[in-house]
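First chain A sits with chain B, and in the next complex the same chain sits with chain C.
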Partner chain A sequence: MLKTFATTAALAASLLTSAAYAQAAKDTLTIDLPNDAATLDPHLQWDTDSYSVYRNIFDNLITRDTSGAIVPQIAKAWKYTSDTVIEFDIRDDVTFQDGSKLTADDVAYSINRIIDPKLKSAQLSQFDQIIKAEVISPTLVKVTTKSPYPALLAQLVKLSIVPKAYVEKVGAQEFNQKPMGSGPYKLVQWQKGVQTELQANDHYWRVKPAIQHVIFRAVPDVSTRIADLRTGKADLIRELPADQAISLKTETGIQILSVPTERVGYMYINAEAGATKDVRVRQAIAYAIDTPGLIEALLQGYGAPVNVLGAPPVFGYTDKVEGYKYDPDKAKELIKEAGAEGAKIEFLTSPAYDRALVEAIQQMLNDVGLDTQIVSLDQATFLKRRQGDAANAGSVALGRWSCACQDADGIIFPLFRTGSSWAKYSNPEFDKLVDGARSTLEKDKRLVDYQKAYEILRADVPGIGLYQAYSVYGASAHLKWQPTANEAMFVTDMSWQQ
Partner chain B sequence: MLRYAGSRLIQAAIAIFGVLTIVFIVMHLSGDPTLLLVPQGASTQQINELRHQLGFDQPLWVQYVNYLKDLGHLDFGMSVVQHVPAAEIVASRLPYTMMLAAGALMVAIGIGIPVGIIMATGRGGWLEKVLAAIVLTGQSVPTFLSGILLIAVFAVNLRWLPTSGVGDIRALIMPSIALGAISMSTFARMTRIAVLDELSKDYVRAGRARGLSLGAVVFRHVLRNASIPVITIAALEIGNLLAGAVIVETVFAWPGIGQLAIQSIQSRDFLVVQVIVLLISCVYVLTSLLADFVYAAVDPRIRMVR
Partner chain C sequence: MVAFIQSARSRISRVPLPIIIVSIILLIIVAMAILAPWISPADPTRQNLLGRLKAPGFERAGMTYWLGTDDLGRDLLTRILYGAGVSLGVAVLSVFVSTLVGVSLGMLAGWFRGWAEIFIMRMVDIVMSIPAVLLAVLTVAVLGPGFLKLVLVLGLTRWPRYTRVAYAQTLQVANLPFIKASELAGAGAVRILFHHILPNIAGPILIVATSEFGLMILMEAGLSFLGLGIQPPAPSWGSIMSVGRQYVEHAWWIVAFPGICLFLLVFSVNVLGDWLRDQLDPRSRTR
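So, the complex of A and B:
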């Protein structure tokens, strides 16, 4: 009996090992995304599900290394020849997937294409400080900006280089359906609404991709993505809620990958209308929220407290400005002082925000003497109200901000600069600082300006940073990958492990 | 008959036009896609520029007239999100929806009608009670729950079927059951009522008195007479199955029209939504029209009246 058991166990063990080996050595990686790519033309849409796919097909002019530093990719080097002119030295050993050579012509074409209003690119606002790109020689491109623009390099990290000849030959529509670039993977088939299949580009100039095939599937329901991961139908799933991550953590064969990102969870507070027009009420709200408690209980630790509306991976972030500590007594005092007991606080929200988080904050605000009412809207209506008239923009709302540029200019400028559609706040002193910091290339001066700007925001509280968001992925234990702060999904960074 | 069909078709066209207009107005009044499309940091000026390029800054009536003009030329417009003709996007999803509707209909009719007949003929017996419980369950368990349960049992634990997505015929089994369950219950209940109703009639008693068995009476006479209400339900259910699979399609990652509709509404991809609305209203109108003609074929009295 014992012997039979031992034999069976040994057999089972050997089967398991060989299964594990087969798993580790397989050549197709399947990734479940919540949605299908909207476009595969990298110059059109900029949403996570689209760029997770197309950034593998293309190379970028420049990129970020795993530490977050901006490093060369298609451009070997660059130098400013004046405050508004920058020259990029282009590699001459890169070919597109059809074998044609990538030249300065393609780089200039890519820049000029995305800033052309006729393309109707949703990404235009990220590049519209650029006036033009010109070819100086087959390996040299000159880019001119409207004014000194310090975030230029951070924005160009997102620029994919497209093949001029191919795009012009097949036309924009065909290019969107059958994209071709110089990247590590080439498109095999895009089955709309179902999946996108990529295959390694064997002639890729930079590295030899460890994984031969990649399939990005569109699986909208998170429970289904988890079932896919459990059964091995998917090797990697995106957008895993914290509570689900905790319960998956203990399962064998599955690992949870998470990384602090540049994305900040924040709360906007209307400084121009309603009860929150009084700065004491805004300060009271900041004191009333127990952020560490929220991170612990609702984010299950997949978030880090922040002192300002920014996070360490962001240029301009400072740890020298003190954040608001949870102090309900102080909050009650301030509300009493402002005569705002029982004041109505309209809390706008949409399905994009965690309902539990919204309700927990509502409770905290009510506990210090406010009367908070949640107004649930669909995302389009939410944005319309949040970015519309101050009088109609609610008292408070949550947000999760990332400019994908890791620069304070992409965060506090659009959120709080007078005249920005998000800003329900105006302070000329703050405007001067952020205007100054966006039009000089001197890093030290910018850092000083941003610290001063963050100090003003602390005093005026037109919004508060709540937490630095983590990206949470579920993955097969056989996948080796370290996700990065900019939420990119480059398959060349992935490989199999035992 | 021809005149009747003609007037029905005109009514149908008016109904479809009305639906299109209402959806157009409601969708446009609730915000345009510009804010959803631009990156977070875009300035007011940049947002307005994109809105202008996409044409959403024009007065509503101008947009509406332009839309109708294009529609007149059978131009359904381009998706502002995907930069692909809207009709092409919807057409690419249609086969999946039809496949799923066919699967669900097979479950619904294949199980629902026999169950209804058994429940009617075996009224009061234990078999009816067991079947009634099953029918009630099928009707009352919401699809988002039954879908997840099916996946947990048959895909995750037993590993008999794939969890999600499209592929071979096995991928169709669970979504068809989840979607067909509610229709199955409707068919079972309607069939039971219709058959019971006929069973109480004189001709049945006469037939039994002549010595025919219950089965013979049911299959030779009752079913044909009981089929009219069931056909009505079938027509409505086909419409529902084609249009109402949003949750099942989401749970099973099935790339059909329902999933596309909800995503397009969320992203305010107006023209895609309009094509879907047009398609679904046509389906409803056509299936109810078809049901009318089938009545006439089944029951000559209806032909006479009209």
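So, the complex of A and C:
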């Protein structure tokens, strides 16, 4: 009771000091996310909801501005001393939330911690091109990569800096329960599966947070999130389906925020097993799908057509490679040529994917003479089959891919490079191009390689890009916020408005 | 068996009105299920992306969508008619499977006793201790979804209830003098079980079956609701409702109509089952 009173008093005091906001200000911002954060240790799990919570507690080595350009955060500047060595200048005016100073030591520790196989980080594959990080001076860190690695900066955007002394003192378990960083918000309480409560860090070095208190709640059911927004229980909700967004648009007091993201909705087509082993059948499938129709009817315009498997915010995306136009007659012809009329197409799916989209595509494929059967599985079984043996991986499946790194290396490399668990396709020529593009720092050469790689994908069709996904949020009309292409949710970018 | 039917027939003139009403509802639903291909106004899987989420009474190209359309522009009335067949089919077949398995095992345990009894009845305890829905979800995850698999899964998770009843009844009947007599007359186990015991335990089993029938319909709807039952685009009431749930605010009809049908079906079966139980209960028979 006394504690509650103290918190309220502290809040009231801080409100009084920030008189500028007093008019519109509520002291608490409540955000409904579809899921709870998987971990609050920023070096373990990663997904959009975990990011949304813990990236407010920590600072990143570098970050992206609202236009998507990579800009300094904890690192003031950086330079390549060779193709595989890069040096970061670390700020010397940043303190952690416990008052201790953030130094190059913490930065090197953070990098070495996440690449240590013993930590078993789910993010390891994003950072495993790094061999080591060394402290040169209290403000200088040297990072060495295995080979020239062009996506390094894009990956480091996601590296949270953790306090070495604190992590070593409390241990990994406790650190996950009670994370502490140098970010604009500190943890008040994490009720697993229910909500995470954060409070503004008044000594934050970069800006003064406009919102004092933030509560992230886990609300898996869309209708409940919408009801929360309507009744004012939540000020911001994530993952709003298109149909609901359209109907909420007209309501007063609610605004729909949406932004084209780097995430691409795609369909994988098994090139190594079943009827789709024949390239003509794969091409027929690409011709059979009316993507503009799907975007208009099912995504209600919250999606944009793409011609390759990528999206405009991604480095390596090209509009010079032609996409497949909707042409059912051509598709029928190809299927006839391949002798695949009535061929069985197994369409794997799970509750994570839009059922309406799956059923609509099923009908389009059946209309050109295939026999498509939907197989819905639980998510774990779905992933096991999709990433397992080609013979058991179904003929087609949908996916929504984002590497949160805005680089083609994070998309077509894991999806189609021979040997990747997602790839049910192998083409040495394609492998050579994507291998080359990931080990040179020359941007122009990379762009040329990716364009060639996309040309190959167009001919071989081991998958097709369907649409650039928009992230759609519902928000109180009083919230001022501009969402970004990488789906980040930094509360410091938000404020109240009249 | 004969005695049981005769005693039921003597009561038919005293059937109360509510029972007649629910029987008619059941007959209508059965007729819907059987006649769906002939009385449906449209194709249950034909989509029309331009006619999505239209309200009941919507007219287009000379066709009236009496119950509106779903989120892919399919005629809801047609899907409900076809869905009736799925819901009833799964329920009838799975009750049949679980009765067959459950009663056979129960009679074996009650007749042979010894190891068979210990083994079967402990299996019953084990299976009953696992929540049925959880067991069904796990089995579907392993076997994969589909109509026949769903029937098997539901049938094979619900047999223990029949086993317990069949076992207890068999124990009782097995000690009656006429069983001893036929045993002494040289009748084999098969003959005794099927000709003498089964007819005498059929009443209580029928009661279990009717109460399970309503439950099977709900389990099918539940599993289809979770996406683990009937696979799209085939309609089932559960899967239609699961789709409609996310549109309930601006397209109430998708969830409302199959919901009403499901309610009527389960309600009718339960009322009828209760009444049958009263009719067949040995204690109420003496009254």
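Rule of thumb we're sticking to: the second predicted complex is superposed on the first by the 475 of 498 C-alpha atoms of A that agree within 3 Å, B and C clash if a C-alpha of one lies under 4 Å from a C-alpha of the other, contacts with A are read in each partner's own complex, and residues count from 1 in each chain.
Note that in this section contacts are C-beta pairs under 8 Å (C-beta built on N, C-alpha and C of every residue); 3 or more make two chains touch, one makes a residue touch a chain.
None of the values given here were measured: they were computed from a predicted structure.
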First, second, both or neither for A:55, with chain B first and chain C second: neither
Touched partner set for A:223, first chain B, second chain C, both or neither: both
Touched partner set for A:280, first chain B, second chain C, both or neither: neither
Chain B versus chain C as contact partner of A:378, first or second or both or neither: both
Touching partner for A:38 - first (chain B), second (chain C), both, neither: first
Contacts of A:387 with chain B and chain C, given as first, second, both or neither: first
If touched residues of chain A are counted for chain B and for chain C, the larger one: B
First (chain B), second (chain C), both or neither touched by A:298: second
First (chain B), second (chain C), both or neither touched by A:355: second
Overlapping contact positions on chain A, where the chain C interface meets the chain B interface: 223, 378, 381
Touching residues (chain side chain B, partner chain A) in the complex: 30-33, 35-44, 46-47, 49-50, 53-54, 80-84, 89, 92-93, 96, 148, 151-152, 155-156, 159, 162-166, 250-253, 255, 259-260, 263, 266-268
Touching residues (chain side chain A, partner chain C) in the complex: 222-223, 226, 241, 243-244, 247, 293-294, 297-298, 350-351, 355-356, 358-360, 362-363, 373-378, 381
Residues on chain C engaged by chain A in the complex (per definition of touch): 45, 47, 49-50, 52-53, 71-72, 137, 141, 144-145, 226-228, 231-233, 243, 245-250
Chain A residues within the chain B interface of the complex: 35-36, 38-39, 41, 44-46, 117, 120, 122-126, 128, 172-173, 176-177, 192-195, 217-221, 223-224, 227-228, 230-231, 233, 378-381, 383-384, 387, 401-404, 410-411, 413-414, 419-421
